[in-house]
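Both of the next two complexes hold chain A, though its partner changes from chain B to chain C.
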Partner chain A sequence: MELSSLTQCELNTQLRHQGLRLRIGPFIAQIRSSIPSVINGIQQLYADYPIEQESGFADFHVEVSPPRNLRRWFRPQVLFLFDHKSPFKPLPYEQAFPVLEWGLNWCVSQFAHNYLTLHAAVVEKDGHTVIMPAPPGSGKSTLCAGLVARGWRLFSDELVLFSPKTGEVSPIPRPISLKNESIEVIRSFAPEVVIGRSSADTAKGTVAHMKAPIESVRQAMMPVAPTWVIYPRFEAHASAQLISKPKGAAFMRLIENSFNYTLLGLQGFEALTGLIDVCDCYDFSYGSLDEAIAVFDALEPPSTSLNICN
Partner chain B sequence: MCQARQVDLLPRLWYLLNDRDLLDELPPEPVRHLESAHAFALAHERGVRWEVECIRRVLLEIDEQIILLKGAAYVMAKLPAGRGRIFHDIDFMVPKGKLNAVESVFLRHGWRSMYADAYDQRYYRQWMHELPPLRHYKRRSVLDIHHSILPETARLYPDSRKLLAAAQPLVKGGNLKVLAPVDMVLHSATHLFHDGELESGLRDLVDLDSLLRHFSQADSFWDKLTERALEIDLIRPLFYALKYADRILGTPVPDYVMDKVQRGSPNIGMVWLMDQMFYRALKPDHVSCREGFTGIARWMLYVRSHYLRMPFRLLVPHLLHKAFVTPYKEWKLEKQAVKQPNRADVLKDVPPEN
Partner chain C sequence: MVSKLALPWRARASSQLHWRSWGDEFVVYHAGSGDTHQLDPIAAELLKSLAQEPASTFELVTRVSVSLELEADDDLFEYMEKVLCTLSRLDLIEQS
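Coming up: the complex of A and B.
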């Protein structure tokens, strides 16, 4: 059953009381909230997601609610609760929906060490995946949103779940977090995409979330082996340029973008070297989304014989 | 799973299930969390070993020996209680006369006191059984340096010199030691039932269970344990420890030992009251474990731990200071503080942690 098949009243009741069990990629999150912006955000951006039985197992029990003190009314705040406890400081009430999104990211980065988790966007086309690690401000989410709007399948705009056992990346398609100017860029680039309410003045500036395409959500249980690791960098007015990156350098950059490489120890090293071995690695700078997408569409998958030295 | 996570027992559950080859028989969803927790625990153990190695090297400079306590001791002595044991501070004990020398050598090697406040500093140094905690400026690891297992002002006052004298080196001739088995049990019992905050009470009871099961394989362990408890004035905590370990976790304690430690039992009314409190507070602090009076039980045990820590003439001014002066000072500091971006916020898409 998909979330959109719930009536407004059923959705409200579930979110306010027993909790809504949302399947997001390999995880089931039980979410509770009685905050209107959160309920609306979920209704709008998670409409196509499967919902699960209340009696089953849930990976994360989370709640977004106002604190039980004066800050409920006076300059209101909002708390993210995991297992009824708050791992973070409260944030302004207006940011309730982004708080849910950040909280869910936190859950995965804390409790999914059966994967090697990296901070990067992942998209897929014709069975080939691109992993795009990049620091904030490099246009990673914008490029990811642009690719997804042009038919690439969204795995995630934030999180790589790489299984050391299978050597595959699991999708965890969630709304894409767009920041500041990117929101307008994507609105004009792809007027048909659904973008939720903007929250101003967050730690990252203005934030709005773009709904994941329904095909990406429906295929969320289909992991794929990685094909390319590409480090994108937006440069105003620059023409698109794809430059091969030595594997050693690409490996070191990936370590910087990992959540649990150190924690996994030897297993982390073996997983990451395995990932880099099968991928072609590039640095990529671009000035326009159309050009960038043309370059991605023309990517040739690496030949099957491994070229470890590259 | 939520209850176990609340008291850091997920990795322990992984070990218990793995020992019995039961992981394959469970549904895969919870097993993934157990595996994740196990991976975390392995990294934690690696970190602890490295940290203890750093401590050992620092100590070579002053040729001083230390006695590792609690989690760090269980891990370094490779006890079953150390498997999957998660903890945040490294605790160790030195003779009181050596405190200054030991503290200053750590201050010279990158550790800093976590409390800058003069009141806190004086409170620890004058009344407590440990120095104000030290934190390494780079690795953020925290050291608790003890000279006793209970505060100077506590109702029970076990003789630290006896504990120090019986401690055993981890490696022959090395400068790292751990408490003798009986003392290790008594310290764990004292920490849980006389001194501790019960947030992770169940985890601490699981420690006791594990230590007792392991050490009681040796001959005459039980006799030594009860004799030692009488000798160093810790029969009361031992009574509680054996009673609740037996009742809650089914720890095998011989009947004659139970009879012996009855000497540590308080009167029948107190036994009833303690039952009411401990049966509630030793459950994980999770909503699914809450029943009537759980909140009150936890609060009463908190008050009790302070009452046992120090007499009222010291306790009341201390609590007043903590309730009024400290928040005021913190508020003033916060006002002055220049807001600096946290590196974690810049790097990753999560809000700042508490």
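Coming up: the complex of A and C.
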């Protein structure tokens, strides 16, 4: 059953009371909120997601609600609650939907230790995935949104879930977080995509979320082995340039982008080196989405060669 | 008094080192500390050599120059001294 099959009344009731049990990739998030912007955001951007009607196990129990203090009378705020506790300070009430999204990212990065988790976007086409780790402001989410709007499958714009057991990346397709100028860039580039309400003055500037394509949501239980690791960087007016990156350097940078490499210990080392073994690695700079997508569409899968020392 | 150059170096907890290489790029994970390091071929050869058997700086220069087919000249000696200092600072080796 998909969320869109709920009536407005049913959705409101679930979110306000027992919690909406939303399946997002390999996880079930039980979400509670009575804040209109959160309800509307979920209704608009998670309409195609499966929901679990039976009560039972949920990976994450979260709530977005105003703190119980007098601040509700002036400059109202909102809290993200995980298991009824708030891991963060309150933020302005207008940022309630981004708070939910950031909170869900936090849940995965903090608790999904059966995976090696990395901060990166992932897209897939014809059975080949691109992992795109990059710091904020490098154009990662914009490029991810552009690729998805041109037919690449969205795995995630924020999180890589790499299984040490299977060597595959599991999708966790959620709304793509667009910031500042990239919101209008994507609106112009792909007018058909659905972009939710903008929240201004967040820590990341103005934020709006792009709905994940329904095909990506429906294939959310289909993991794929990684193929490329590409470090993107937007440079205004630059021509698209793909430069091979030495695997050792790519590996060390991936450690910096991992949430739980250290925690996983030797398993993390084995998983990450295994990931690099099978991937071709590149640095990529681009100034135009069309050019960037043409480069990605022309990528040739690598021929795998291992060289393991003991 | 024995010169410091003649004192043997040894690898610390060599059984806890896990290696991977891609061409001439080496990475090593130290399970004891949880640290991961990227090493060049000379540093990697040096550490692997010490994991087999302790050796002085002089002996190491000879060993590495033979195994990597490098001339055992002053440049190599100077570079290896720097590498030994770095590996020592990373707690991967120690001098007796």
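Here is the rule we use: the second predicted complex is superposed on the first by the 302 of 310 C-alpha atoms of A that agree within 3 Å, B and C clash if a C-alpha of one lies under 4 Å from a C-alpha of the other, contacts with A are read in each partner's own complex, and residues count from 1 in each chain.
Here is the rule we go by: a residue touches a chain if its C-beta (ideal position, glycine included) is under 8 Å from a C-beta of that chain, and two chains touch if they have at least 3 such contacts.
As the structure is a computational prediction, the values presented were derived from the model and not from experiment.
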Partner chain(s) touched by A:P136 [first = chain B, second = chain C, both, neither]: first
Mind working out whether A:P87 is in touch with chain B, chain C, both or neither, as first, second, both or neither? first
Would you check which partner chain A:K204 touches, where first means chain B only, second means chain C only, and both and neither mean what they say? first
Please work out whether A:A249 is in contact with chain B alone, chain C alone, both, or neither, and reply first, second, both or neither. second
Taking the superposition on A as described, I'd like to know which of chain B and chain C A:M1 touches: first, second, both or neither. neither
Dominant toucher of chain A (residue count), chain B or chain C: B
Which partner does A:S109 reach: the first (chain B), the second (chain C), both, or neither? first
I'd like to know which partner A:G265 touches here: chain B for first, chain C for second, both or neither. both
Under the contact rule defined above, give the chain A residues that sit at the interface with chain B and also at the interface with chain C. 262, 265
Residue ranges of chain A in contact with chain C within the complex: 246-249, 251-252, 255, 262, 265-266, 269-270, 273, 276-277, 307-310
Residue ranges of chain B touching chain A (in the complex, touch as defined): 1-2, 5-6, 27, 29-30, 32-33, 35-37, 39-40, 42-43, 46, 286-287, 345-354
Complex contacts: residues of chain A adjacent to chain B: 28, 57, 59, 61, 80, 83-89, 91, 99, 102-103, 105-106, 109, 111-114, 119, 135-136, 158, 177, 203-204, 259-260, 262-265, 267
For chain C, which residues count as touching chain A in their complex? 18-23, 25-27, 29, 31, 34, 36, 38
